[in-house]
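Single-structure report; data block below.
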Amino acid sequence: MNIKALLKSLRLRKFATGLLLLQLSLTIGLMVNTVILTTSAIDKLNNPLGFDVENLIVVDHIPTSGAFRDPSYFRSIAEQDLAKISALDGVVSASHYNQLPIQRGGWNGNLQAADFPDDGVLEKYLRYVPQFYASANALENLGVEIIRGRALNASDDITKDYYTPGKRDDIEQNIVLTESVAKAVFPNKPALGELTNNGRVVGIAKDFSITPGHPGNAKYYGMFGNFLFSQPDREQHYIVRVEPGQLAHVKAQLADTILSVQAERDILRVQSMADRLSQFYSKDTGLASLFGILSLLMVGVTVVSSFAHAHFHVTQQRKFIGIRRALGARKQDIMIYVFSENWLMSLLSSILGIGAAVALNIGLSQVITIDKPDILLYCLSVLVIFVSGSLATWLPAYKTTKISPVIATRTL
Amino acid sequence: MEMFNYYLKLSLRNLSRNRLFFSLMITTLAVGVGVFLANIAIIKSMSADPLPHKSDKVFNISLNIWPNANPSPELLPIMRYDDAMHILKNEVATHTMVHYQTQVYTREVGAASVTSYQAKVRATTPGFFPLTSAPFAYGGVWQGDHAKQVVIGDSLNQQIFGGGNSVGKLIEVDGKPLEIVGVLKPWHLKPLFYHPGHRQAFSATDDLFAPIETALDNEWAINVQSLSTERINSVSDNRGKNAFFIHAFVQLDSQAQINEMKNYLENYSQMRKDGGDFLRETDNRLLDVNQWLELNKVVDKQMLAFGLATSLFLAVCIFNASSLLLARYHSARFETGLRRAVGARISDIFYQGLVESTLVGIFCAILALVFGWLFLQLSLSLFPKLENTSDIDGSLIAIGIAIALATSFISMIYPLLKACHAQLSTTLK
Amino acid sequence: MLKMNNISRIYRSDTIQTHALRDFSLEVKSGEFVAVTGPSGSGKSTFLNVAGLLDGFDQGSYELDGVNIKGLNDDQLSRLRNEKIGFIFQNYNLIPDFNLFDNIDMPLRYRGFDAKERKRRITNALEQVGLASRANYLPSQLSGGQQQRVAIARALAGEPKILLADEPTGNLDSLMARQVMELLYKLNEQGSTIIMVTHDPDQARAVGRNVQVIDGQITDHSIYAPVGNNAPIEVNAGISA
């Protein structure tokens, strides 16, 4: 293989060669970044969330009638809802929540030790700790384990006192914290038994994913109290835990079950927790899909170019190929010659492609978060280019075998 | 003109004689333009100016007052009831309004059916309507801060009353009647500049507009964003407390007004500081509509990222078309050489190429618009949240055609120039 | 009509300089029929390229129909080619998917004639070469000799001052070659100035005047008794037809 001769031949057609090299490198650059986006989207979806995502159904609803303004009416309906849902075939348990795990934003507040100094500065994410007001069995319902202390029970329910005039300010709530937030609020001592600005810690729960968008352990921060916020202006949430395989069956009945208790409700959404998860990441998966489609299109266009480049060269060089054959080159020598030109292009573009991949990665990181490219990924993309380029070159290379040596002697 | 017709005839003949080549070239170029255009449609719609006639005169107010020590420097877009009331009292701005977002279920008083309709509510002040240039179809704004009067939007009017002049009719929320004093025309405001945060930027305009005091009186809950540093016992309890939930906007028509407003806010901050509040390190902020939208990063980041990728793809498609044309002009060199030999000037050959490129560009434009539409539907299906964010209007189609023609031209330039300047000789190949 | 004085044309590559034409001087008067002969590589083609304004020259001067070529830009040269020169190529060089009418029409388009004028000239030209009835035919439907005659018609339609023919019968068998040559003689009788490059010495001698080119220079300048009646009187070197 005469590399120098090949390079020279390419240099004579600088413009055409340059165009193809640019296309190949940009395609490599795009493919690398597409795979990065795709794998990160898949990772996010497959990240262990720490709770039983597969067997949970979420119901979001809101009352439409003014009758619900009476807190005791509100409460009695909620209790009836949960009782009827729990009685359904295939249901393990059901709880109410003021907000849901896997969310952006929500019902947050400061969480700090009760003796935290007034002029102290609280760490950023401790100012936005999700405050879950839910049934006593809220965590068990999610499949989250209590690792220290105890779970909440009926005696921790503050709903009645909260809605009794005069009693609200005296409430000291019993709360359960997730492991990470407990450690963040009480770094130097066990949190169990300590008093916070939101109540006394009676239990520590295992970490599970509550606000996936927060960095580090802040995504696991959460505080749980046994309380039913009995005001009808906000969406209410029930999470229903089902036996394996019963999800579709139960999901179909939930809306009717709730409405059969009291029809003046708007059932906004009945969704499996798994669907909620994919919806949460729909932007990531959506973008990865778009990039994927674009990469395919780009490879397609580049294949067309590789084909045109090889075809053009072959037709231009017909006479010289004929001369070579007349002088003794075999058909496969010519074919290899044509292929080697394409392989050289792929090689050159794999070098340029490094720049393209890095530049595109930097450009994208200005608007979205994207991981940096790694070597393995890069090599994979280069391989795709080699293979698709070779495929594109096949037909023109094959056509050279039809060039008869007699061309060398023709004067026309 | 005669020559133009001749070149047109030649171009059509070239296209029909080299069908495979041209379909390949037009298709690959159209895919690049189409995908690019689909993304542009979304970005253009998202970065549109919602109030083009006065976007530089309407301002968001964000205050730097915080009740606790050591506040962070970042300003909040929401303020307290007391702050909002003070801002409403100003005599500087042409229009002032404050608002918060809530939601109710409502139906016509005395309607046979018990079905209540969900209504997104803007609890606000009378200045809202002239400031946002909200279009009234019937009636006008309420009289009195605590009035039990509301204005409704067109879609709610259609839903409850089937349309028409509903001024004077009564609707009920939680059993309490409210009189309709105004009905708006169908109103598209994109982005929703007065409430762009927390993914509200591309939701529809509100269904119901009520006096803010009435909403608080009736305990209509605060939606989207609220913050408090003390316990709030009910919605009406927000008055006078350190509960941040109200947004404020003013219309300032001159630089003098802007300066005066800044002073007014500065004085207020000082007053609150003297009264025991703390001030953040940043100054009070007045941002006009477009600045406000930019701060809220209303244009979807994913779409911007994809925009980068589609630009690269378009470049690749242009390069591809260019190399295809290079091959084509090379194989057409016999005729070009012949024409030059018998007396065609370089400009004649160039003009001929131009006409052909325009013809190709037109076919490409048609195909690109089709591809663009298809890809747009694909994008919207992958990003359902973008539903309201792409308008295919005349200007977009014009942009698409322009890009298709431009790319056709760009990809042709070098190959054509090369063909024009080829060496002449009597031995044409 | 054509006056070349000390023309030099040098082709330069990285390492080699080739003098394709060297001190080349030639004068052709209106109405002459000149044959240019010479071995391969002698510079005949270069001479034709320069004469036909397809290529430039490095030294010397060239006057065509009273116009000095020096310093003219491409637009002006193209104009001159279009108006004053008619090419006849060895390979006919007709556009295969145009019919005869459109083939002859092609150079006329660059002249700016309107449709009526073009039609008149095309019909005339086809009549002159005896193919008027086949205006709608495609070149592939004609014999080699007929195609060359169409090419001649194309050259004539512009009413050029000079016809430049490059081996016009090179691809034809002897019968068709005779037909084409007879056409050329006829045209010359009618007053056309023709310069013809040829390999065939018999063909060359049958024509009024011969110019031999070797190594880029004119070596022999013979005038033979012409086939037709209007003949220049001088006879040189004693070789007669």
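Labels A, B and C are assigned to the chains in the order they are written; within every chain, residues are numbered from 1.
In this section, contacts are C-beta pairs under 8 Å (C-beta built on N, C-alpha and C of every residue); 3 or more make two chains touch, one makes a residue touch a chain.
Nothing here was measured: the structure is a model prediction, and the numbers come from that model.
Visitor: By the touch rule set out at the top, what is the minimum number of steps from chain A to chain C?
Guide: Minimum step count, chain A to chain C: 2.
Visitor: Identify the chain whose mean C-alpha position lies nearest to the mean of all protein C-alpha atoms shown.
Guide: Central chain is B.
Visitor: If you count the C-beta pairs in contact for each pair of chains, which pair comes out on top?
Guide: Top-ranked chain pair by contacting C-beta pairs: A-B.
Visitor: Report, in whole Å, the distance between the mean C-alpha point of chain A and the mean C-alpha point of chain C.
Guide: Chain A and chain C have C-alpha centres separated by 75 Å.
Visitor: Suppose each chain is reduced to the average of its Cα coordinates; what separation in Å results between chain B and chain C?
Guide: Result: the chain centres lie 68 Å from each other.
Visitor: If you average the Cα atoms of chain A and of chain B to get two centres, how far apart are those centres in Å?
Guide: Using C-alpha averages as centres, the distance is 26 Å.
Visitor: Where in chain B do residues touch two or more of the other chains?
Guide: Residues: none.
Visitor: Which residues of chain C are in contact with two or more other chains?
Guide: Answer for chain C, listing residues that touch two or more other chains: 91.
Visitor: Spell out the residues on chain A that touch chain B in their complex, using ranges where they run on.
Guide: 15-16, 19-20, 22-23, 26-27, 29-30, 33, 62-66, 69, 105, 118-119, 121, 168-169, 231, 233-234, 264, 266, 282-283, 285-287, 289-291, 293-294, 297-298, 301-302, 304-305, 308-309, 311-312, 315-316, 360, 363-364, 367-368, 370
Visitor: Quick check: in the complex, which residue numbers of chain B touch chain C?
Guide: 2-3, 6, 13, 17, 334-335, 338-348, 423-428
Visitor: Hey, which residues of chain B end up touching chain A in the complex?
Guide: 24, 28, 31-32, 35, 69-70, 102-103, 105, 114, 116, 118, 173-176, 198, 219-221, 231, 233, 235, 301-302, 304-306, 308-310, 312-313, 315-317, 319-320, 322-324, 326-327, 330-331, 378-379, 382-385, 414, 418
Visitor: If you look only at chain C, which of its residues touch chain B in the complex?
Guide: Per the stated touch rule, the residues are 45, 48-49, 52, 54-55, 74-75, 78-79, 81-83, 87, 89, 91, 93, 95, 97, 106-107, 109-112, 114-115, 154, 158, 164, 166.
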